[in-house]
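Data first, discussion second: the structure below is written as structure tokens.
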């Protein structure tokens, strides 16, 4: 039985009067890839940020490897070092080279020696096929390259799970492929991943489950083929229709 | 009365030496305090922020002359320690500069995009680590042009130290002008010295800046 | 009358002079600055070079040195031809500070000119406006608003640097402070009081300028960032 890496129970969050998360519950086992889709502003990004407590939830619990990380007693920085996060806008450290970007977490948070950190960092960059860009600065890299460095940075920390917040939304169309390829290969290597994205093709290819997020909760969930080609709820159908005409078969009627 | 040109130049240059030393000490003091105040104001809790803001506003609101006199006359009244003229000049100019430098650094800190801070925290870095390793290196680079401008201001205001009896360039020029009745010669030479010092400092800084330049972070200074 | 009352009374004799000086220099500096900025941005080649040279010279040297030149140097030179020549120190300082402030304000104003897109100039010219009309009706109203915050800073600078006038025997606040100190020997208290008075004036001026700035607000031209904490620039 695969271990449960992440379990979210009844997660709630409001901003002022706006209830963004109204009781989200799901779990992810080791090695699984789960994809979250849904309309913009539905709270998907907020949910991801609640998981590593960049945003503090208002209610509910989050269990990471069985431990309740919503409790105040937890050393959240240690937890964060075990949860990888890839941002929509990359958020690379602009004053550091690609290699240094990947190294810095290892040296400062994981307290590795420079030698060890450099070795690890190079390996991570190889994983995303960017070893030859190690000494370039973010400003010298394309969007796709920057995002791959960001993925390497998350990977190098050897996290138990990686969260992806719309990783390709800020990329020019021709650069999306290289990032998705990296993500697909990670998924195939059984890296545990939770991905918020609009890239249905990716979901169909590697996801173990798709969660359709709507009005602050998981509106519908299931295997990729079922959700995409035979959605049960009206809102799911409407959303998918809006996202693409191509794939939708169980619609038109 | 006649004064030989060589003597005059020597006198002016000794004044220049004093102005340079004074300006370096003051700008350095201002730098150290300025960074502390900038961080306090950007990241501190409410009380700390208010104290930092009050510090900035007071030192930017009163003339340097008043700061000098307060340090020289009022301070001994309160804490029974008297300072030498030179020390007063350095500290006075230093703390005033710190108030302006703190504003420069604060702008630099603001200019670092928040996304990088999110990324740092999601790696598990503490607030201190984030400020030290991610924010400051970039904030300081962004601040370079404005900071060099502040140095020029500090150098020019060393002239005010003459009220404390410190004989720097302007005072020397004054003396020489009175004695020789040739004001424009000596005031002119003094002006030239100031211009040369500022130009030299800026071009050295530019050269150093080119060495440590990082593409995409920070600006160059135009001479 | 207590000593403190006496001190305050003597100090306040200098307040009027300080404020007069500040105002005269600010306005004079603006006019000079405007001329320099126009010369630098729109003028013919020699005018541009003169303007640049002047501005760099003033900005590269201390104000005190400039005040000495105008207050001591120039009169001394004139006296070799007209031995009876004297100049009221107040005006010497005023002229010197105007010449100084003008150079700094010229840069602010020039920045404002540059921030107005050339498209607007083109449109104005297409309508048939002359260069002067454009400056008056298009450039100036926008430039003025954009540079207003910088002018607030300059005003407060002038207030503070007016204290240098004491070195040329102008009886503004600082001079008064020194002279009443010479009488009472209470230098410590006096300078604290004078510092407080400057601070109060600076804050009041900043407040007034802020109010004006808010009244001048035009969306898209200026920002409503007048809620920034550093009132004193």
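Should a chain be cited, it is by its letter among A, B and C, assigned in written order, with residues numbered from 1 in that chain.
Heads up, the rule we're going with is that a contact is a pair of C-beta atoms (placed from the backbone, for glycine too) under 8 Å apart; a residue touches a chain by one contact, two chains touch by 3 or more.
Quantities reported herein were computed from a predicted structural model and do not represent experimental measurements.
Using CA-based centroids throughout, the chain positioned farthest away from chain C is A. Across the structure, the highest number of inter-chain C-beta contacts is found for B-C. When every chain is reduced to the mean of its C-alpha atoms, the one closest to the centre of the whole protein set is B.
Chain centres here are Cα averages; for chain A and chain B they lie 47 Å apart. Between the Cα centres of chain A and chain C there is a gap of 56 Å. With centres defined as mean CA coordinates, chain C is found 21 Å away from chain B.
On the side of chain A, the complex with chain B involves touching residues 52, 54, 77-83, 85, 87, 89-95, 104-105, 108-109, 137-140, 150, 153, 157. Within the complex formed with chain C, the chain B residues making contact are 53, 56-58, 60-67, 69-70, 73-78, 103, 152, 156-160, 162-163, 170, 173-174, 177-178, 181, 183-184, 187, 190-191, 194-195, 198-199. Remark: chain C residues 57, 60-65, 68-69, 72-74, 76-77, 80, 156, 160-164, 166-167, 174, 177, 181, 187-192, 194-195, 198-199, 202-203, 229-233 touch chain B in the complex. Residues of chain B touching chain A in their complex: 113, 115-116, 118-126, 129, 133-134, 137-138, 141, 214-217.
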